[in-house]
């Protein structure tokens, strides 16, 4: 779903920049003779890259900030001069966020809270009517000012900046998301249907990683820890007839 | 303002396609493994071309229908294989509109009502949740089902299709639009300031075309006709000291 | 040779689509105002990717169907919106093959027969005059209707569809293929010439994998199995003076 | 039809370069590590430009030679570094034709015989197995060695070079050509149907240019001259009730 | 020669930005993680467009400032988002020049002195080590601080800014320039050789515009005025046997 | 620094090709109607790829020669038809170097002297005024005729060919290089500052590889060998309190 969220981030950002939504009233791509808007993307992973691709597509001025130099090199090779890449330092983040019309938070660290890269003070220093889209809100958000919102009331204004922090962004494009999800899960469904759950799980470590409970026992270490229940490794259970 | 409206048409269309807005719930560009949405643009003039450019930018499947073959050749040369061009026949319009997720009406004929290219019956045949953005609404619209809306209440659903028919689209991105307008008018302002209105008007036919009343007389034929007042050609008035 | 076959597939497909060859009489890229032909490529490996690249080059509407989501993501990142990627499901294959003007079979599984992805019934449902190019014919082909042909008589019509199933496609562009083959084999030749066969084989596992017989003994397990002869691991033989 | 012929020229050229057709056996785009074939296009008009576009699409090394510098500038601006443009001098033509794998003759001068840009001696100096596609064969051809052929027997070898000189190339892709032709003629058909032939002809100079005989009199000067009949200007005849 | 000068402007600018030449020590295209340099081009005509194309090619951040909106639209359509276009106002020029690493003056008005778009005060406000390349120096230059230099001593530092103001830039790439010039003049040479000077001049107004003296009389109005000699229209002289 | 050197190689090469520097006097990208210069890059690693990218950017005709087929495939996929890739054979190197206007040596083998790919005889066979830029000069250079130079006197002419062999190329763009270097080293600096040198070194093998002397003992094998001092593995020293 990271692709969907990343690509959506630009269209919701463009919408929030409209005057009626409280935005500064700029068109991301500008028009000839009028500068394009500045889009800053924090994080160059899957979400950030998809956001960057769409933002370049609508002809904004796009900067990706990431703390991995090798990742910046990959992005530079892939997108060339149209994408601006910056190494993640506090100085770079501050300068770019202050100058930005749209900041997209796409810092997703698997299984960990997103780091608060942008402080309230920095949000306050942004232009009035600028927009923040926080894709990492599901993991707590990477702006000090972000708090979860819903599709029914997707935005709020804090420190003069429009915040879009919907926790389940892909639901807005349910049809696209569902097909994408089917594509990702269908091979597992077929494996279970063709070979039975026990054999399918035995043969595929990826599928086994998703197994939470088996034969009445908790087989996922995180679930066991959070529920304070004993943990049983799945491989032993699966091996039994 | 045609550039602004054309470019905006895609971002408002993308927004309307979200479930919360009544749309079909698809992402214009799809994701890998999931097809892109189909965007059909009626009219390949300035507005339509700018709309097409943004729609290609977000990686939709984009078709422009125009009745001018030379214009289709220009668009094909400019955008190559990424843009699909079709000659405007009733058969082509029907087939493409029925298959479309987003139809953008960009048929703008200077000083004339837009032709009703899409009938109510054809709108009814569209997919439920598909979206119509009618840029030509200022000239009456090119869909039989379009009626003017405002930024406060920009859309309505008719025949199951979401309609966005805001009459003054560029106002949503007021900052961009204002600078664009300044760029276009500044040379005239400077000419009047530098040379005086009489000389500036005498020397520039474009400026003179915008003159409605001069020395108490109506100097624009359409204004004279509509107000039933006598028409005085501007050149004679301007020639007098 | 997969690159050569993949790239050739589009030019032979274009040729077969001409009326004189029994084809439907369409130009792959169309012309402005006339839609491009639909090219469907089964398999997004080396052959399929090269075919896709050429098909996009001549401005056809190109769809690649693959069963690996990660591969679809790579293709999408590489080629962007110009290439349409679909996850391999029976529904997707059916819909796309029926709508296609040219279907290229590029499903190559090393050391295994190609799966019959397209049944005779599905070929029958294709448009009369559509074209099938089966690159995987060397491994049995991935269409139920394909059977090997030669450069002298490269095509036949079955179920109204033109089939091009030449088993050694690269021979048609012998000069290009020879240089490509030289490039791939020259380092091995030089290694043998410089260091002697024994040392060259000892030092390079890739070269050793190609060794069938050594000192009178069969050193390739598949050859040993097929000829029902005893198998001798090459490393022991090579170690001897 | 110039677009169709230009685009087709590359696919027929690619086919003729195959060994089985007598060609040199090279793939237009080469493969990594193996150079692309050299395609030289004589004439940068509509046909030549469409040929160049397809040849660049299949990744050949493409040079367009034209005698109009302004046209070369347009092509350079449109296609950038991927297209090589050369001013038409005898020296340039000789050097490029001798080095070429495929030469496409696209010198079309309306209403005049094509100039013989390439002499028999120059064809003799080409590589054995090189290919000539002469789009201008309908106007006599621009190679001294070209003579008209048909789709049934499209090629012959002269001076060791494969010649493809089919006079009605677009017929091979009849479906595409027919739609393209319909697009071009439909507006005239509708004008006649809607307004009657007399009014339609009176109002449209383009249509009138195609009028050969009216009310029993020859209204086209070239027809009158060729048939030695008196010429009657069409406007007078059309003006009569 | 405008194309040559425009394209050269970027390579000389890149050279001047090196530390050894007194420049600020930046690479035009930056590297991944390090921002590209800012190149500002005053004037979007032939020279400016060629300069912009090369500057984009080396992946700088490129802005073209022009006072013609239609020209900005053309540039935007041609180059898309990679080129930043700004309408020429004093505010825009000031802001961009101050932020620039390299400013290229390409304001060429045929037969007139270039306007002094950049004052000494504005040059003083530029970054130390920034670079000015003034292509319009042949017409007096468009920077208040520019003065003509030679290939032997091409640069000087004024107000802390490196100036490159060589009057005959194309001479540095004499081979390229000579061929380009030959291409442009050869048709005239051939016309004179084939038809004689009198007929060639009579038939071609472009050639006639270059005639200064004929039959002992001055036939060019500007030459006559500057030398205070009587002017004789060339057509009368040419008409005489 | 390989990126910086690679990108700089093209701008110094362009400069050296100017007449005043002794070069042949050609513009890398040519102009419409005049062929582009030929740039040959020996080695398709990081430096070579960055050089190729810039050379394509200024619209030269660019060929990369590398001895790794997989690398050529990657380059071909990345850059498509605009980059010409050749397998490294003596025949290919000879033919290309002789035809080249600019040859860039970018063969960098970590910790080893660069191979002398181009002999003095081959340099002698190059065009007078052609240019060699030897990025691999820090490792001895890959041309038999290269010898180290400085930014103060960067070039010399040998065998009629201009040689640019500055050993520390990135110093010319010190600002860009410094930021790039900071980006690469900052994470190590932060690690040492945050966790102390002992822990930082213990936890990061990359950092440890850079440790030359620790607690008075030589911890780098190459340094120990070159200075003829005893070598102490760093891990033991670091483990001690």
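A, B, C, D, E and F are the chain letters, set down in written order, and residue numbers restart from 1 in every chain.
The rule is short, and it goes like this: a contact is a pair of C-beta atoms (placed from the backbone, for glycine too) under 8 Å apart; a residue touches a chain by one contact, two chains touch by 3 or more.
As the structure is a computational prediction, the values presented were derived from the model and not from experiment.
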Each chain counted as touching chain D and chain F at once: C, E
Chain whose mean Cα position lies farthest from chain D: A
Candidate from C-F, B-C or D-F with the same interface as B-E, over half of contact pairs in common: C-F
Inter-chain centre distance, chain A versus chain B - centres from mean C-alpha coordinates, in Å: 34
Computed distance of Cα centres, chain E from chain D, in Å: 37
Residues of chain A touching at least two other chains: 3, 29, 31-34, 53, 56, 59, 69, 73, 80, 87, 183
Category of the chain touch graph - line, ring, star, complete, other: other
Pairs of chains in contact (touch as defined earlier), listed by label: A-B, A-C, A-E, A-F, B-C, B-D, B-E, C-D, C-F, D-E, D-F, E-F
Touching residues on chain C, where the partner in the complex is chain B: 29, 31-36, 56, 59-61, 69, 72-73, 75-76, 80-82, 84-87
Residues of chain C defined as touching chain F within the complex: 3, 49, 53, 78, 183-184, 186-187
Complex contacts: residues of chain B adjacent to chain A: 3-4, 7-8, 10-12, 14-15, 17-20, 24-34, 50, 53-54, 56-59, 151-152, 154, 171-177, 179-180, 183
Chain E-touching residues of chain D, taken from the complex the two chains share: 67, 69, 73, 77, 80, 87, 89
